[in-house]
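Naming follows writing order (A, B, C and D), and every chain is counted from residue 1.
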Amino acid sequence: MQTDSDTQQRNAVRIRKDAAMNTSVTIAGVELKNPVMTASGTFGSGMEYGEFVDLNRLGAVVTKGVANVPWEGNPTPRVAEVYGGMLNAIGLQNPGIDVFMERDLPFLSQYDTKVIVNVCGKTVEDYIEVVEKLSDSSVDMLEINVSCPNVKEGAIAFGQKPEALYSITEEIKKHAKQPVIMKLSPNVTDIAEMAKVAEAAGADAISLINTITGMKIDIEKRRFVLANKTGGMSGPAIKPIAVRMVYQAAHAVSIPVIGMGGIATAEDAIEFLLAGASAVSVGAMNFVNPYATVEIVEGIESYMKRTGVSDVKELIGAVV
Amino acid sequence: MNKKKETAVVSGQRQIAEGIYDMWIKTNLAVAAKPGQFLMVYPRGAATLLPRPISICEVRHDENRLRIVYRVAGKGTAEFASYREGEPISVMGTLGNGFPLEDAAGKRVFLMGGGIGIPPMLGLAQALAESGQAESTDAAKESGQAESTDAAKESGQAAADSTDTKKTDGLTEPVSVHAVLGYRDSALFLKEEFERMANVVVATEDGSVGTKGNIMDAVRENTLTADVIYACGPMPMLRAVKQYASEAGIPAYISLEERMACGVGACLGCVCKTKQVDAHSHVKNARVCTEGPVFLAEDVEI
Amino acid sequence: MQTDSDTQQRNAVRIRKDAAMNTSVTIAGVELKNPVMTASGTFGSGMEYGEFVDLNRLGAVVTKGVANVPWEGNPTPRVAEVYGGMLNAIGLQNPGIDVFMERDLPFLSQYDTKVIVNVCGKTVEDYIEVVEKLSDSSVDMLEINVSCPNVKEGAIAFGQKPEALYSITEEIKKHAKQPVIMKLSPNVTDIAEMAKVAEAAGADAISLINTITGMKIDIEKRRFVLANKTGGMSGPAIKPIAVRMVYQAAHAVSIPVIGMGGIATAEDAIEFLLAGASAVSVGAMNFVNPYATVEIVEGIESYMKRTGVSDVKELIGAVV
Amino acid sequence: MNKKKETAVVSGQRQIAEGIYDMWIKTNLAVAAKPGQFLMVYPRGAATLLPRPISICEVRHDENRLRIVYRVAGKGTAEFASYREGEPISVMGTLGNGFPLEDAAGKRVFLMGGGIGIPPMLGLAQALAESGQAESTDAAKESGQAESTDAAKESGQAAADSTDTKKTDGLTEPVSVHAVLGYRDSALFLKEEFERMANVVVATEDGSVGTKGNIMDAVRENTLTADVIYACGPMPMLRAVKQYASEAGIPAYISLEERMACGVGACLGCVCKTKQVDAHSHVKNARVCTEGPVFLAEDVEI
């Protein structure tokens, strides 16, 4: 019997990172040891997947969205499988910033990885409360979720209109001590415009894509599969859309772009880097392969070795 | 206990009723597996990426084997049903809390299973039977076996107290075990296996065998009583179990099902509503995959 | 050896349509014998797939886009496979309306199916020239392509801005003798708004979704897989997005909605009907299964029989 | 000739070089298949939906069998490579125009294949050899075989003229057939089979066998000449063939590759640029899958 983690460990030994190989990237002054992060909402606060992978191997852990107070989220069913991916309508259930700072942050701080807190809210004030509470913490960066399609108030309402995106970005930048990443919604006509708006309003980086709004209907029961009717779609099925949007956004702005959307393998991650992403996040595929993040770190290293790339930064935006 | 995903091996599979498959898996995950826990089983198909949560039906710790009995409900489980002996199967486990065996000590126990909720009750029946054997070989011999039996019949409280004196390796024998099994029809899968370890009472939806109706109808028809309930099955059944237990003033441990994605507590897909604020989530939601799947019925809103 | 068409024929015999079963739907006064059509650009003008399926069995054939003059289309590679789907950047190559009317229309007119001509153009005048040339023809409906993501001028430029969509729809309605279906782009922030705009401007029906703009990069060759860099994504991978948009559009307007996007099976088609589509189109899956259209017609009939639905119209928008 | 998609059966497969597989398929599509035509082969994997165009290498009309020899280039072809004898395989065919055999009549022929462009030339070599046999058993006996041989050597025109008098069942024997095969290295797949039917000249990229370089280098090194060329291989090779043929004033039939989706002319994915406006498209694009894959080199812009 061959456990998948054994395989992973053997690979880790075989593909020793070359001393001369530089895998680090810098986002808004924060240096990550490699460009592989986790996508918010798919990795909890690291604790759950810490049983499967060594969190020290990751460039950064991006936490599940945290609000100023605990959120109950949506009714169930909250998740559904679709062809090559999934829908989720969790509704940003979270224990609130205070619990996060008492319990989750100390856990994450034990590891030699960067910590990026995903911040959500229903009003600008909600966001600012979280941002301010985190200002003296050890958190490395903030990712502002203005693109969750599954909550009625806040979130995506800020991420689909240029003016709203501008004003919330500007407001958060006034209060944030850490670099601010604005997480953009793919549910827009012109992603390049939204990227430019975030940059103009002072964002230090942007991340994309959040999930794409989708729907699944059970034709036997004649009802929606999700209690919320719609959910955010993620997984390999959406990757070509994500790569396109990362490419368009990266060519529209000069701030760094963090790319995500269906990344399952190192090859996928490299595709996003070549399209212009400075770092990448692994999302829904953690559910399919809990070892995915570290396998991707190792796969990027072996691609670099094989193709003679000594610095991962050479890959960023290399296809134009 | 570490969770692991691994490529295990199918050590045998057969169909035991229409759409119901019985598979043995050779896997290191068997070492720590307990009744009421579950595996995530990953289809190979590229369109069906998410793992399927499947209850553990039986464990052979000494042989590194686990048994799952599942219903084909879609493309993923249809794929599993096609696996032959010797084929690889991708599994993660072992997951969830499992049934609290210790609460059966010295009590009259109902194991209630409905449909595809029946298989996990088999492993529990076995574990309870083994706890009895363990007792009869050591603890039971010391303290005498009849002692608490009557006491337990008097009240659940008395039985609970008696566990302190009788506990051997965390387990003691229940006084009696009734497996109350609800089927659609006369395809009574696993029933014979239950009969080796428990008094079996059957209800069928079509009335072809046993009580016509559901498992609560069978309990009434047979005027059975219990001090503790363990149950797994469809939500309407679990609601009935909860109400029955509440009226009877006895604890009921129910195993919940919910659509899952990760299986390890990260995605928050599979929550159930809880009466009190949950210690992990800090809202009135508990993760079925992690805090559950087994909950005390009175603790959850179903 | 079992040929797939043999299987199909056996099914055709077994699942005899119940005499009492009504599968017809009406779009803008045009009655289709069943709600299954072909998606523009995936079925030529019917001739190629006429070797595989009996065109008389289809509700309608929607032709490849036709312009006022021949178009050369884009350089190759024009197609690429992606996870659960494909990208295309054909660029609306077509022989022009004159050849279409001389060659393709007479071919299609031999069959007992409705003919819907997809019309494309670079300017409003281009569209109108085609629409006027067709006005005395036997064509049953016009589908106006304002959503092709693969041409630089025209097309999607009309489909992503509400004002542009309004004015081209209004202008075409002035010249069209046949009912006008506006084919909408999914590459927008608010599909319900676009649907409403089309309706307000006089469209008789809308069809959606056209393809979603995607990109694929070859990480070994470090170049775009498509010569056009981006292409339109179709296939089962995009179905949940399409179902959601059809649902949103159908609930925003009272004109009929023709749903499409990743339909591979009767179950998929029924999902679109339940979401609010009055008819459905089979697109990229023709390439995967050339018998798909007729299999879907038969599959809908057998679903109706099994679930006791005597009129397919009962399914339209039945999940709310 | 009707196109069909069907579930055929693999009647055998083996690897014949690194990454190169040789598969026989039992299929009714063999009935009408011709050298230079291709099949669409459909992977089962849900992530790889589009069919893979694969050239027909050999046809056994009498046995309802087709042979394909292909390189594993991705997930789809890797899946095909895993198929064992007796497994189903989903194919559509037969597609494309194929090579015009009749233009080889009475001529000195080059069959030029590079890499995975070699397999379709084998079927052509066989068909040309069979046309010779057909002739030697009937037509050739009547008219005598030496007659046009010299004439053909003088000029392609003369040979072309002679076909009118010699044609038997649409075919006549070529004067000579040289198979000029370009490989990467010493893995000379199919070479021995060519040797039974043609004079074989080899070029290898690494120089390990035959001429070091490409097939044009091999032609020069061996000072070969021809009256007509049939070729399949990578685009740089086909460009070299086109230029050579143009300079030599002889016709070259080249089989083009392009990314395809439908394979039947509906999607317009696989066009090539043409010198003149194409009769079907009414622009200077021809569909490789339908008007091709074989084109007269001078008719296409490559």
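One rule holds for everything that comes next: contacts are C-beta pairs under 8 Å (C-beta built on N, C-alpha and C of every residue); 3 or more make two chains touch, one makes a residue touch a chain.
Note that the coordinates shown come from a computational prediction; the quantities given were computed from them, not determined experimentally.
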item	value
Between A-D and C-D, the pair joined by more C-beta contacts	C-D
Listed chain pair B-C, A-B or A-D that repeats interface C-D [over half of contact pairs the same by residue number]	A-B
Chain centre separation (subunit A, subunit B; CA means) in Å	37
Whole-Å separation of chain centres (CA-atom averages), subunit A against subunit D	50
Geometric centre distance via CA averages, subunit D-subunit B, whole Å	63
Interface hub residues of subunit C, defined as touching at least two other chains	83-85, 236
Interface hub residues of subunit D, defined as touching at least two other chains	46-48
Residues of subunit A that touch subunit C when the two form their complex	82-85, 87, 160, 187-190, 212-217, 219-220, 222-224, 229-230, 233, 236-241, 243-244, 247, 262, 267, 270-271, 274-275, 303, 318-319
Subunit A - residues contacting subunit B, complex	1-5, 41-44, 48-49, 51-52, 64, 70-73, 76-81, 83-86, 88, 90, 93, 95-96, 99, 235-236, 284-291
Touch list for subunit B against partner subunit D, complex	45-48
Complex contact set, residues of subunit C against subunit B	83-84, 236
Of subunit D, residues touching subunit C in the complex	2-9, 26-28, 42, 46-51, 64, 76, 90, 92, 258-272, 280-285, 290
